[in-house]
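Next come two complexes, and both contain subunit A; in the first it sits with subunit B, in the second with subunit C.
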Partner chain A sequence: MNKKNTIRAVVALTVGVAIIAIGDAFLGPFAVRILNLSAIYIILALSLNLLNGFTGLFSLGHAGFMAVGAYVSALLTMTPAQKSMNFFLTPIVPWLDTVQLPFIVALIIAGLCAAFVGLLIGAPALRLRDDYLAIATLGFAEIIRVLITNAQSLTNGAQGLKAIPKYSTTWVVWGAAAIAALFLVMLLRSSYGRTIKAVRDDEIAAEAMGVNVFRVKVTSFVISSFWAGIGGALLGHMITTIDPKMFNLILTFNILLIVVLGGNGSITGSVLGAIIVTVLMEALRFLDMPMNLVFIKTQGLPGLRMVIFSILLMIVVLYRQRGLMGTKEFSWDMLSAKALLAALKPKKRGERARKGGR
Partner chain B sequence: MKRILGIIAIALAIALLFGCAKPADKAASTVIKFGVFEPLTGANAAGGAEELDGIRLAQGLYPTVTVGGKVYTIELAIADNKSDKVEAANAGQRLVDSDKVTLVLGSWGSSLSMAAGPIFEAAKIPAIALSATNVLVTKDNPYYFRVCFLDPFQGTVMANYAFKNVQAKNAVIIREVTNDYSVGLAKFFADSFKGLTGNPDAILAELNYQTNDQDFSAQLTRVKTLKPDVIFAPGNYTESALIIKQARELGITAPFLGGDTWEINEFIQVGRQAVEGAVMSAFFDNDAPLTPLSGVFVTEYQKKYGKLPSGTAVLGFDGYLLAIDAIKRADSIDPIKIRDAIAATKGFEGAAGVVNLDVNGDPIKSAVIKEVKDGKFVYKTTVAP
Partner chain C sequence: MLRTDSVSMRFGGLTAVADLNIAIEKNEIIGLIGPNGAGKTTAFNMITGVYTPTEGKVFFKSHDVTGMKAHRITHKGIARTFQNIRLFKDMNVLENVLVACHLRMDVGVFASTLHLPGYLKKERESKDFAMSLLESVGLADEAAESAISLPYGKQRRLEIVRALATKPELLLLDEPAAGMNPQESLELMDFIVRIRDQYDLTILLIEHHMQVVMGVCKRMYVLDYGVTIAHGTPDEIQKDPKVIEAYLGVE
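Right, the complex of A and B next:
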């Protein structure tokens, strides 16, 4: 059975790489952009899921860490000429003026900087629980944004940065997404992963078993911040311009939406959720256009796709309270004929509740 | 029951997907597509809608363009960028890729334009920003142009007004630090005011506030002790009106100057009596025609929408006309030739004044100065560049 699964995994991996290669080579720039955006959202959703889904910490500060990553990586990779073009109001601080690092180095530094900020924020904030933690992290993310806005000579303030080198190619973002997913799978399968889940399920019991709850939470927060920083940096290198207003609460909510839609506590769910949300938002764009249905003609209603998108979300939430995947992960057995039939068969109420419980 | 409802919902969604399949291209050769890249939902939706009104009005008046003896019908491909930077890049790419537009108009909001700038540049499709005033939008991007004056000019105009008309010797700046527009305007006002007075300390203080702030007593107490001749406070109309109101309550009598964002009825509604005498620069005035076309715009706008034009609608109108003008001059529908024609624009008469584009693709054009009098925006003077 195991050997069979290994072969399947290798085949699936090859097929995945092939799909990305073919997509990158033959799709138009628009489709490639959506494809790559999905990968960035996968990284961001995974990192938030580690906190919200696996450690049970409700954090709303994700955009703040993304901002740190995006700004660090952008400032470290721009050429001095691009910097002087951007900083036309106030010159950039001298020590950053001529710094230019290779992309990979800058990307890792960006992640580490975000992780460091995560440590600074996490250490005091993680003494709080539930809603209080959510409010505290939300506040910290706003503080980061205000700092970036006011540090004119370091970040160009509200003017934002443009002409950030476009390093986020298909291979870079999907490579990063694959590493993030693999890292998370390995982390959660390790004994450390089990302590993380133990903290989520019952803090007091975990503590009684000798788990250092606070340390587990901080570690998880720092890892999540690191990946948020990487994701933010890749996003910056993809749209090639960033400004503080971009990293607001709505961005955090977008990622939270992906996590909840995919399944809080499921890596497969986050991956699926990221792809579905990104693709669907663009696929539904035709709804905004003038339409000529057989019996209805519209002049183009901007915002209609958001309405339909919301309705689809509500349908998912009504019928699958725990998101598309729940807390389950992908496995080959899931695809067997028996499992598929079981999924289609309506479950009895009691059975569903029992299966849903952790 | 639930299951049936679910199946119906999904079936409807699928039906919608197929039902709206694109109609077959009808005689594609005589259609030329303009992309409209605007925030039609989200925080900036009101601004985007105003510009779209202007564009639609112009399209109604001038629906075709003749190139080489052949009449082309202009179609608008409208893409909503949701006031969101990531979405803006997607929308821009979509216009280029799926809609295959010849040129792009928009967007309201400089940061949204900046997100799509590199995409239009890579695709070699010219774009005309309508009211995006941030210098960075057109800088180093040969394919982005604009029809509005930008922050440096507006700041300079107001500094001149403060120096010559108010005869101010010193000034205090109150800026909305989270807003690129406000920060830019403040900087250029400060630079030229210092130059005019010949006094490097003419700006007594630069005070900051954040978008959505409600209480400005900290900044205004400071202003009171400094006793400036004039206060320059560009920014969002709500916050600005509150600042002026609270300043008057504190007994500060110095005149307030601001930028074009003030010219909106909400500014007077929030500020009421307090904003009387506030002076601002603006793009356009309904009663003071800048060109013969200004009158046409005002009458036609009223005819079509049943209200007086406000804000940036006129720039949408001008952007569309500039695009047509450039296509005629290029005598081609090739985007690169159109770009060259736009870049060479000299003396184009739009409704909001004559546009001459400089090497950066930024216009050199007149600004209008207005004052709030008896609860109305009253035209004061026109400042030539």
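Right, the complex of A and C next:
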């Protein structure tokens, strides 16, 4: 990195921190919530991107690992009083009744628990490939959800948990997002990270070069589960109520959407995608309200926002098949006039077919 | 160095390779030839652990490596290239070689993620080693270029370099001259002999280009429909009636 880019990076970082600080101080509670939700979605998108974009594993089990993280962290931080208030149908198991750990400790344990579940699921499921892996992980995520629903004395079942301590402040979630991003950048730039990308590009060649493909896949799956658990825990501590229904396929799909939109295999793409999607989901809410378009007056069409959102997504996928960033990372050179012109010019046919065909 | 003891590979009712007995001594360059579909690549896949032979055993430096996982076999010191080039397409030339360096680095996921001093040292050594390999085959100037943007001949050479980066003792080359013009094939012959001497290698190669095989191989095995029909020096092979029959057919 040259000196000019270092200065730019420092400036960009300072501006980023300043925006978050100003946002945290002056925005209303609703806007702050969107700001923080962006950070949580950054963590979740990054962890899914490690699998889908960098290891080439199509997993649909993310919500399951988030659920594990959210429940573990919630149960470990709630006070005994809050627990007895929640568990009014069936009392909580005795060994969890009085446990109350500091938030950071609980958060890390939540991540580790999710990682452990990832190991249990990954070891058998990662023998499968492509669509079969997607179906298997989807199935396992549903199993986790059903287990949580039925483990009444452990998780309070379908009632979910309420009054979870609100630890997910702006600085906590953005700090966690920064650590997650830094962790992934360092991992993927390392020698081990290269083997992860080698597995994505060509499993047979990677194996022939001495890469233990199965081990790399499991490692990647476990790391991804860890961060999914952290993300899930932070989400729980932000909205303060969780229930099993929250962690369904739709949640996984939302994260997948961010990853695809931002660019499968791009860290900066996931960061951008998470912010754009989270903000747009709320910004487009006016579409659901009654509108007065001079000639047409609508009564309010609930769901119109999702229609528009889908159309936007289709436009992106049609014109930029590999997402906003592709597999590239953001660099300052991208902002030069020449690079912007090149990005606007349609790609040659052959090139597009080749790139689209992987 | 390498010995296969009556290895056979059956896919259902089809016998791809039957009773293959190969013996290779250190520093030899041995050819494996035969018409299309003769089972040459299957033989490679059995030696490198992609397939487990249905019968027979494979010995490498008198150790039984039959049925060992492919990456374990690479650890033991057998490296290979592929008939249809298999480079890591989203990586540049240097990174392609560095992936192969990883197995001799012996660093775990946490040491490399946290960039611990021990890891950084090994990473620097790997980079130097990879660059020296690239330099020795004239690819150093292209180190930062995307691997698949290289011209075909250079991609083939990069595949060989990548295999060399695993520090093998036995190198298996699957049709290294495929798609090359006569001039490039001649250069390749020199190149194969040169890396053998420079890196103290033993080489087994599959090739259709008769000029290349006859030029560099001391001995060769001829396969047809999975059966070894001949074995000997280039001169012997050229005169062998069975080989002539398999290649040209008889009236």
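Convention: the second predicted complex is superposed on the first by the 347 of 358 C-alpha atoms of A that agree within 3 Å, B and C clash if a C-alpha of one lies under 4 Å from a C-alpha of the other, contacts with A are read in each partner's own complex, and residues count from 1 in each chain.
One rule holds for everything that comes next: a contact is a pair of C-beta atoms (placed from the backbone, for glycine too) under 8 Å apart; a residue touches a chain by one contact, two chains touch by 3 or more.
Remember, it's a predicted structure, so these values are computed and weren't measured experimentally.
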| task | Could you say whether A:Gly265 touches subunit B, subunit C, both of them, or neither, answering first, second, both or neither? | result | second
| request: Check whether A:Val146 is in contact with subunit B, with subunit C, with both or with neither, and answer first, second, both or neither. | output: first
| said: With both complexes overlaid on chain A, does A:Gly193 touch subunit B (first), subunit C (second), both or neither? | reply: second
| task | Tell me which partner A:Ala205 touches in the superposition: subunit B (first), subunit C (second), both or neither. | result | second
| message | Output check: A:Thr327 vs subunit B and subunit C. Expected answer is one of first, second, both, neither. What do you get? | response | second
| said: One more residue to check, A:Leu249. First (subunit B), second (subunit C), both or neither? | reply: neither
| said: Applying the document's definition of touching, compare subunit B and subunit C: which contacts more of subunit A? | reply: B
| query | A:Ala181 contacts which: subunit B (first), subunit C (second), both, neither? | reply | neither
| said: Considering only the defined contacts, which subunit A positions touch subunit B in the complex? | reply: 28-31, 33-34, 37, 85-86, 88-89, 146, 149-150, 152, 157-160, 162-163, 166, 235, 238-246, 250, 281-282, 285-289, 291-294, 300, 302-303, 306, 308, 311-312, 315, 318-319, 346
| query | Which part of subunit C faces subunit A closely enough to touch in the complex? | reply | 48, 50, 69-71, 74-75, 79-80, 82, 86-91, 95, 98-103, 105, 107-109, 112-115, 119, 122-123, 126, 162-163, 165-166
| said: Can you tell me which positions in subunit A touch subunit C when the two form their complex? | reply: 183, 186-187, 190-195, 197-198, 200-202, 204-213, 219, 223, 265, 327, 358
| field | Partner subunit A, residues of subunit B touching it in the complex | value | 2-3, 6, 9-10, 13, 16, 19-20, 22-23, 40-41, 78-80, 82, 84-87, 89-90, 93-94, 96-98, 111, 114-115, 117-119, 122-123, 134-136, 139-140, 177-180, 182-184, 187, 208, 210
